[in-house]
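See the structures that follow.
Two complexes, one shared chain (chain A), two partners (chain B, chain C).
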Partner chain A sequence: MAKLTVNGKEVEVPAGTNLIEAARAAGVEVPHYCYHPGLSIAGQCRLCMVDIEKTPRPTIACNTVAADGMVVNTETDRVRETRKSIMEFHLINHPLDCPVCDQAGECWLQIYYMKHGLYDPRMKDEKVHKPKAVPLGPHVILDAERCILCSRCVRFCDEITATGELGIFERGDHSEIGLFPGRELDNKYSANVVDICPVGALTDRDFRFQVRVWYLDTAKSICPGCARGCNIEVHVNRRRPHHAEGRRVARLKPRFNAEVNKWWICDAGRYGFGFVDAPDRLLTPAQREGGSSTDVTWELGIAAVAGALRRLPPEQLGVIASPKMANEDLFALRRLLDLHGISQAAGRVPTRVPGDEDDFLIRADKNPNSLGAELMGFGGDARTVLEAARARRLKFLWVFGHDLLASALSERDVLEAFRAVETVVFTGSNANWTSAHAHWVLPAAAWAEREGTYTNFEGRVQRFRTAIEPLGQALAEWEIVGRVMASLGQTLSATRAEHLFRQLVEAVPAFAGLSYPLLGDTGSPLAAAGAAGRPGAGAPPSEATSSSC
Partner chain B sequence: MAEIVLMRNFSNPESHTLDAYRASGGYAAWDRARAIEPAAITEEVKKANLRGLGGAGFPTGTKWSFIPKTHTGPVYLVVNADEGEPGTFKDRYLLERDPHALIEGMLIAARAIRCTKGFVYIRGEYVEPWRRFSAAVKEAYDAGLLGQGFDVVVHRGAGAYICGEETGLLSSLEGKKGWPKIKPPFPAIKGAFGQPTIVNNVETLCCVPPIVTRGAEWFAGLGTKTQGGTRMYSVSGRVKKPAVYEAPVSITLRRLIETAGGVSGTGRLKAVVPGGGSAAILSADEIDVTMDVDGLKAAGSMIGSAGVVVMDESVSIPEALMVLARFYAHESCGQCTPCRESTGWIYKMVHRIVDGRGHKEDLDTILDVAKRGAGTTICAFYDGAVGPYISYIEKFRSEFEALIPHG
Partner chain C sequence: MSPMNFRQRFYLVEVLAGLGLTAAHFFRNMGRHTARALGRKGTSGAVTIQYPEERRPYSPRLRSLHRLVRREDGSPRCVACMMCETVCPAHCIYIVADEHPNPEIEKVPRRFDIDLGKCVFCGYCVEACPEDAIRMDTGILEFSSYSRGGMIYTKEMLLSLEPADVSGRPRSPIPLPADRRA
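After this line comes the complex of A and B, so read on.
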């Protein structure tokens, strides 16, 4: 540990901490561009100058390690003057095209000019011109004139993805970021360079020109794209619906979580939100008869499920839940199944090809809650349930989310199973083969339209929050289950996902001790899984749910 | 006349060969050094008051002593032969005419720092020096001088001035863009390929064999109290006999100009750049300064690489600054913002003034920009540019003002 003083405030930081982080610990922000806690020290923007007692001139904070007894001042006159000068240098060749720049509103040139610049511009000469609107890869576009050459993007590709697509070419004020010959910025994490670009040099090809960032609202969320559960922010446009052609989810951004994804997310996850506003969203409950589909009321849809549950013996009822459902949904469904003694339940549908995986963030399992589903008793293979259907042992089948044909299951088997069942109900957010072949469709809210928790592959339980209202009449799965129970005279005792989580914590030992406040923004490991240090170490599913019924 | 040490072999047309070098007593110092403890060699160099002759003037023995004693991995010796300072052309003569002196200096230095591998980074444009030096290296290998515990790799640069900055050179040597490295760590702790490294200039290392042969006291006695030896002054510009002159570091600039035949052109001196392009300019009445590290420091300039550029009264100082400003704008590596942005900006302003399109506030803007950027960068490149920016304008302001319409 090192004990030092920053702007008169004493602070103790771990050995090796640099002065930017030490100042942060003391509640002092040292402005900087090139420094990024996830990357090596470059020391080239020269903005993070601070005064250290007994040193002849201001020193860069990023490359100075905090030492015992150090007296640091970030607000001396000469530091302020130096910062102002550095801001002027950063801006003399900048095109100042904020009105047409996507970064405007979240640009660190704007922010720091207002905080630390505010000089009268003296540059009268022609600025240096560089390439503009250069696509670097599928997701990222470069405006070299806006670039301040902080090299964060270069270091990201060198140090994080180790793909090395980018370099700084030319010299002096003609220096520019660019691709090495024959390369494309197409690694699986490429768009992170947009997040770490402090200015408008690298922008997101998907997001740019869709909506000005100051119209965006944000919600803390979890990426539903794989079992990693990267922490993200969902940025939504509710204020300017005429922008972005009605697309409400504008973009996803990584949210720091030291235990899960640090500062990063993969491109697949980042751009995986399209389904939320896609034209194939299921908006109203519907009934299909003889090839044609009719919108119906929720009452009718719920009655179809409740009627089957009331009428049929439990061995004729089957459920295929989904590891994309939240813990709360799965818990509600588990209660319903246990109340009715339904044992034909599964959650896992084999994929046609194994998902891609790497040794960084991307997991082969493309479901955000496989472990949660397992702990709630939905770890079984859907083939068992479909087998029972094909053997004409089932009269009712409720499928959640899955497109059963976009899987390793054979079309013949699935069709045969569906034909053998009297009532097939589908609950999901988007249309697919299953919804097209179900007798009843009960529309579910997308993950961004409701709240809940996922349990990632390491047994970390993390909350995701509501970013937007559900489209049409869609409801969260737990609400649909709740309505079914209500119509059967049973009660779920929950008006919010959190109520269900409390019950879940009581009922499922693996979740013992957890609560929404405890999960906070970055989640918490399952007690048992955390202790055992491996996924799936929670209590076996049958025991896990026994106490709830 | 003072003693000639570095250029002692230059008059022999065969001086670059091993035979000629041996005939004039070459490699005797190495034979002697082999019997001396490494630490004692460093001590001798310290006592000789040898200071780096590449530009910074850092005490050589002290630099050598920075290699961590506890380090168990490789230690590298890197020779900076990327001579690129405007007005400097001494190292090329050493490489061409006395390459074995450098090899011998390297052998002794390598023993002092317990190094088994040396790199010689030669400026890309120096084709003949590279040929001569490479041939000498081959001779030294064939003669068993090299390859017996010390190897030499000759590496050619590609023409960037910044690769003469010691850490820019190391980046380039490592195969990277020649960007100076952020310090700390300093090269002696973590240099080439992450290992402790000593970077010495060609001329500096050529001083080492005579120190070993003739002793530290003799070498120290050639110079001033704080800097021993002689050095090679590249004298060019408006002098009658532009050339490299070796002289004790205590020589005055006035005497040096006289040695070079005196001022040519109009015959009337206007100004002198005493230590390469990055040194602050001296006016005609400032030339009684001694040409050692501390003498020029006291005069507000620097000896740098001892490149002396003489300007007679017909030389336009604004044009001279424009040429230098273009050089700095062109050669700034672009890593640090203040240097990258302001070298280009200042060049545009100076160019505009010379072009007759200056504004009356331009001169103060240049001075302010230069002063604001000084001392804010990773390496000394920008501070080297600031020296001329400020001194040319402050000492010859009226010349600039005369070019500004309604100035």
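After this line comes the complex of A and C, so read on.
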């Protein structure tokens, strides 16, 4: 530990901490461009100058290790003057095209100019011109004129992905970021360079010109793309619906969580939000009779499910839940099944091709809540339920989310099972083959349209929050289950997802002690992560989760 | 307000007083106009402008119908930066940006609609524009429509307009709203 004074305030920091982090511990922000806590130190931008007592001139904070008895001052006249000059230096060749730059509004050149610059420009010569709008790869586009050569992107590709596509070429004020010959910035984490780029040099091709950033609202969320459960922010455009052709979710950005994803997310997760505003979203409950489908009211759709539950003996009812559902949905469904003594329940549908995986973030299991489903007794294989259906032991089948025909199940078996069942109900957010063959379709809200929790493969329970209103008449799955229970004269006694989570914590031992306030923004591990779940659930652990726990 | 006295409540006296005032103005104006017609200078009667054949001169600062300024090749000067859309207090500007074929020009509006049914003619869009691409100097004040949709002026309509002449007279015909075109 090192004890030092920053701006008159004493702080104690672990040995080896640099002065930017030490100042942060003292509540002081030192402006910087090239320093990033997840990358090596470059000392390139020279903006993080601070005064250290008994040193002759300002020193960069990023590459100075805090030492015992150090007296650091970040706001002396000398430091302010230095910062101002360095800002002027960074902006000498900057094109100042803020109005057409996608970064405007979240640009650290703008922020620091207003905070630490505010000089009158003295640059009278023609600025150095460099290539503009150069695609570097499938997701990233470069404007070399805007670049301040902080080298964060170069270090990211060298140190985090170890792919080394980017480099700094030429010398002096002709230096520019570029690709090595024959390379393309197409690694699985490439778009993170857009997040760490402090200026508008690297921008997102998917987001380019879609919405100005000041129109966006944000919600803290969890990536639903795989079992890792990376912490993200969902950026939605509610104020200008004519932008981005009416798509409400504009982009996903990683959110720091030291325990899960640090500062990063993969490209597959980042661009995996398209389904929320896709044209195939299910908007109203519908009934299919013969070959045609008609929109019906929620009352009718709910009555179809409730009627089957009332009429049929429990052994003729089957449910295929989804590990894409939140813990709250699965718990509500579990309560319904337990009340009726339904035992034909599964959650896992084998995928046709195994998902890709690496040793960084990406998991082969592409479901965000496989462990939660397993703990709630939905870890079983859907094949057992479908076999029961094929053997004409089921009269009612409720499928959540899955597209059974896009799975590894044989098409013939699924079709046969569907023909053998009297009533097939589908609940999900988007249309697929299963919804097209179901007798009843009950539309579910997408993950960004409701709140809940996911349990990741390490047994970390994390909250995702509502970013936008559900499209059409869609409802969260737990609300649908609640309506079914209400029409059967039972009560779910929950009007918010949090109420269900409280009940879940009471009922499922693995979740003991958790609560929404405790989960906070970054989640909390299960009491006994990966331990045996609900007594009597009796489901075999799924491959994806058992291999990792 | 104090209660009316008897004279006011009697009605007829006040009506006659009112008619007297009108008649006094009428005869004074008639006298002045006649005197003017007979060549006497320095007197002026009340003036009626025979609108729309006659128009008052407009101030050069008048904020009239918007127009989009063109580049030399006829394409819009607008770079779809959304500054006007952002500053607009009535939220009546709808811009959709597109990639410009020339990499030197970052953006170009694919769509630029102004809903004049919502516009409050504050002129903030003109102030905010970094490219001087939108102006309110057409001198056109008369635009109307049978429907709300007809009040939406598209990029093409706004691009076709010319600035008013020095006396403030519009040089472009009033654009025909969408709901009145065949």
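The criterion applied here is as follows: the second predicted complex is superposed on the first by the 529 of 549 C-alpha atoms of A that agree within 3 Å, B and C clash if a C-alpha of one lies under 4 Å from a C-alpha of the other, contacts with A are read in each partner's own complex, and residues count from 1 in each chain.
Operating definition for what follows: contacts are C-beta pairs under 8 Å (C-beta built on N, C-alpha and C of every residue); 3 or more make two chains touch, one makes a residue touch a chain.
Predicted model, so just to flag it, every value in this text is computed and none were measured.
Within the superposed three-chain model, A:167 lies in touch with chain B and out of touch with chain C [touch as defined at top].
Shared-chain residue A:93: touches chain B; no touch with chain C.
Look at A:85: by the touch rule set out above, it reaches chain B but stays clear of chain C.
Of the two partner chains, chain B is the only one touched by A:149; chain C is not. Contacts of A:122 after superposition on the shared chain: chain B is touched, whereas chain C is not. By the touch criterion defined above, A:212 reaches chain C but does not reach chain B. In the superposed pair of complexes, A:63 makes contact with chain B only, with no contact to chain C. Set against each other, chain B and chain C touch different numbers of residues in chain A, with B touching more.
Once the two complexes are overlaid on the shared chain, A:45 sits against chain B while remaining clear of chain C. On chain A, the surface touched by chain B in one complex and the surface touched by chain C in the other have no residue in common. Residues of chain A touching chain C in their complex: 97, 99-101, 131-133, 208-209, 212, 214, 240, 242-243.
Touching chain A in their complex are the following residues of chain C: 79-83, 85-86, 94, 96-99, 103-104, 106-107, 111, 130-131. Across the interface of their complex, chain A is touched by residues 160, 162, 177, 182, 184, 329-338, 340-345, 348-349, 352, 359, 361, 365, 369, 372-373, 375-378 of chain B.
Residues 41-47, 49, 57-58, 63, 81-82, 85-86, 88-90, 92-93, 122-126, 128, 148-149, 167-168, 170-175 of chain A are the ones touching chain B in the complex.
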